[in-house]
């Protein structure tokens, strides 16, 4: 079942086209890689879909419903969650309290219910000692906390924006397994932005490739990586 | 902070407050009233600050409440005691209306606009001479409770409890999560489902209502109002300095700051009639430069054995 | 767009109304422009600091007040004319500003905007209350003959001394423009204002430039402080309203647009002057600033075009 | 060796980003590769004095520049072309270029000569000499940024992702210019575009998880199985 679909999604910033006529869809249970060179518009694309910025043209549909101009917090309530490249834990809140936020506001849970829900999510991700101050977390734990925060929204669509950046090989493996696990168990549609191609290869069922704001290819990773246009985009004017 | 120690201190403070009217004379009672009033204002200022929005307009809503209360009594014959909640209501409604306009502003633009609004309230009231008495202000025939010191003391204490109660509610409910999330990062708050405008409006209206309520209490305690007295910059300045000194983003911080600065300023007022407020300026500067977390921050750092977070 | 058109019509109507009043009472125009000169001359240095150091100096008016007090006592002691004190006052205030910058503001440059706002707010209190402490709240004034010079055109008679403020404002605005676009140090200051990181990369000592700009702005403020006492009585709170008014003018002109402050000042000076011309509206003159500041800030925020801290991430 | 870094550790707040980086650069051009988040920009920022050195040393021409503020690093002879370009958007190309030389003591007297060289290298800047930098396209701004850096006549030129957000044809041009430059100045360049930049540099370093994991000549790197798998194979 198609969870999310965009049609000709376009946004201009001060005359510059950051995302240009991107049409794509994401299905239930699918892990989709979103790749492309730096500055290709991947994060802008996620911002458009999650409602942080509004498009200049085009359409966003969630489960068949038009949400193109819906406010970000309402999309969160419908079931679209995301993580951020730069993670800022909420100061003076503990690990579990950080995770609770999504459950409280996106799901409208009481504090008590949100705490229960958050501890379930944390347990699932292997986070322990939940009352810790966030300044004492390891990088991997911070990344997991960011994912737990998004999962506490109880989303159906989840975007992960470079969650693997800064992790070493073992930590990356750990996090890949974790993401695969939660995606399968919840039948999530997951969109993953990553730079490390190894991660994309391991993690995703399908990728879309953006270059200069345009979608230039999509399909399984192995197939896309042989696409001459993609090779050209990554390698520059060599071809 | 040690929980038991906090409880003991709170109980002790409560006992002192309750027994004070029976033990102390008129002057100490008045000092206590002043401190309680500023403490309540400091707490309400901090409550909004927890969302990251800094108001320079406390005096505006306070003065509005004061005039609402005294004019309700003088012009509409409202009972003095009833005029105080009326003042709160009016300030709340005004805050609701202006909130829709100004809560889209951030950082210094919000601050400057709140300051400008406070000035506008003052100028409007000053110029509606027939209704408000103009620059000379208005005087009531007598003060509330026939001017009984202890009566007025209890009234002020009531105002303080309202402010502290609201602050406690802010700390222990969803509001705490909403405001903290907004203060930290509005973008990620939005994608966590936080309707930023709604929570800011709630915080702004609640704190403004309490500020109006306190204005009503103040004006009924003194029995008169002039634009210069109830819109005095002191009502913005002193609470701000108290909260900063004690430690922001908490209830305890402003309380601590209010007690220290309140007592200090009473003392200084007796020593130096002009310009004792210079102390407030110095405290603000020192706190901002050297202890941005206030006394509470220093205390936390000390109890954590220096392991507390830096900056 | 319909909105701009409606605004345009509104502006035209306002100008027409103003023109009628001015034709009826020409002194309104003259005093309005004189007032505008005073406002602009005080606001321009704030525009400089806000545009380059990105600090809203809430102690701005207080610096002028302190300069005015210093000049007052120097003139009393030496029997000097305040006009002779303009340059020394500028130098002394610049030095004072440099010290204040090094001791306080420099440490808060990287702090959140709110901390900076509160810090300068605190500085303002220390200055106004400090002066209050030292000299009480008594008003002080120096009487000078030339200030009452007046001019008659037909049956119209008006004071001309205050035109000096207009001259100063124009000199400040265009002098600064020259400095910023034609001298190396000025260009460096502009560069720092537009992109401090980029400036550091090309070898500019950003903190030093901030300090110099702050001191330069205070030199201008100091000069105005000396001039101010030729005309007006001083007391500890005399500077405070000028902070708000200056900020308002800078906001109306748009941050970084220093000559624009002249235009904004004329708009405000005239509006005030028109309101002051009638007994019934006289008390409302002060409100013009505050209403305008709110309208401008709200208007700008809707267009999302208030890039104070450089680009948005 | 013009730049020598030994055991460098640094990070942001409590987060350690570099954990013991050692490298040296002589009269050559060196490519610095690695995935996003590996610490490339952090390394550059630390060399430039924008980031505190926790441990280790950064020496430039034998002098420890580890604690110097950015402007002094620039005056010592290191010019940076940042990823975000960091131009002065409301100033003309002319002023942007002039400021590149104005505060570097030993080049002020030669600024006309340097300007001529830069304008010869980037003819488009001559055409657009009076245009405001902020109104130019990304590629042109990149050229302004490189030109501004060259105005300082640096001994070491650092380029952080010079091809970022550029069209392939412009990227090729940028690398061609870099090829011309490396005869006169030492270059450190970070790139995602590994294959293209391997052609332009003499030597390459691969930074992963805050440490240099591979080091070698351009030819060696191009043959390295790890490099091929992670950066070239896509």
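For clarity, chains are labelled A, B, C and D in written order, and residue numbers in each chain start from 1.
The rule we apply is simple: a residue touches a chain if its C-beta (ideal position, glycine included) is under 8 Å from a C-beta of that chain, and two chains touch if they have at least 3 such contacts.
These numbers come from a predicted model, not from an experiment.
Using the contact threshold fixed earlier, the set of chains in contact with both chain B and chain D is A, C.
Counting C-beta pairs in contact, the chain pair with the largest number is B-C. In this assembly, the C-alpha centroid of chain A lies 43 Å from the C-alpha centroid of chain B. Mean C-alpha positions place chain A and chain C at a centre distance of 49 Å. Chain A and chain D have centres, each the mean of its CA atoms, that are 31 Å apart. Within chain A, residues 135 each touch two or more of the remaining chains.
Taken pairwise by the contact criterion, the protein chains form one closed cycle in which every chain touches exactly two others. Two chains count as a pair here when they touch; such pairs are A-B, A-D, B-C, C-D. Residues 56, 104, 107-108, 111, 113-115, 117-119, 121-127, 129-134, 136-137, 236, 244, 247-248, 283-284, 286-287, 289-291, 293-294, 297-298, 301-302, 306, 308 of chain C are the ones that touch chain B when the two sit in their complex.
Looking at the complex, you find that chain A touches chain D at residues 37-39, 135, 139, 162, 164-169, 195-198, 212, 225, 230-238.
Chain C meets chain D in the complex at residues 184, 187-188, 190-191, 194-195, 197-206, 256. Looking at the complex, you find that chain D touches chain A at residues 14-15, 17, 35-38, 161, 163-165, 167-169, 171-172, 192-193, 195-196, 209, 229-230, 233-234.
Only residues 52, 54, 56, 101-102, 104-105, 107-109, 111-113, 115-117, 119-120, 123-124, 126-127, 237, 240-241, 244, 272, 274-278, 280-285, 288-289, 292 of chain B touch chain C when the two sit together in their complex.
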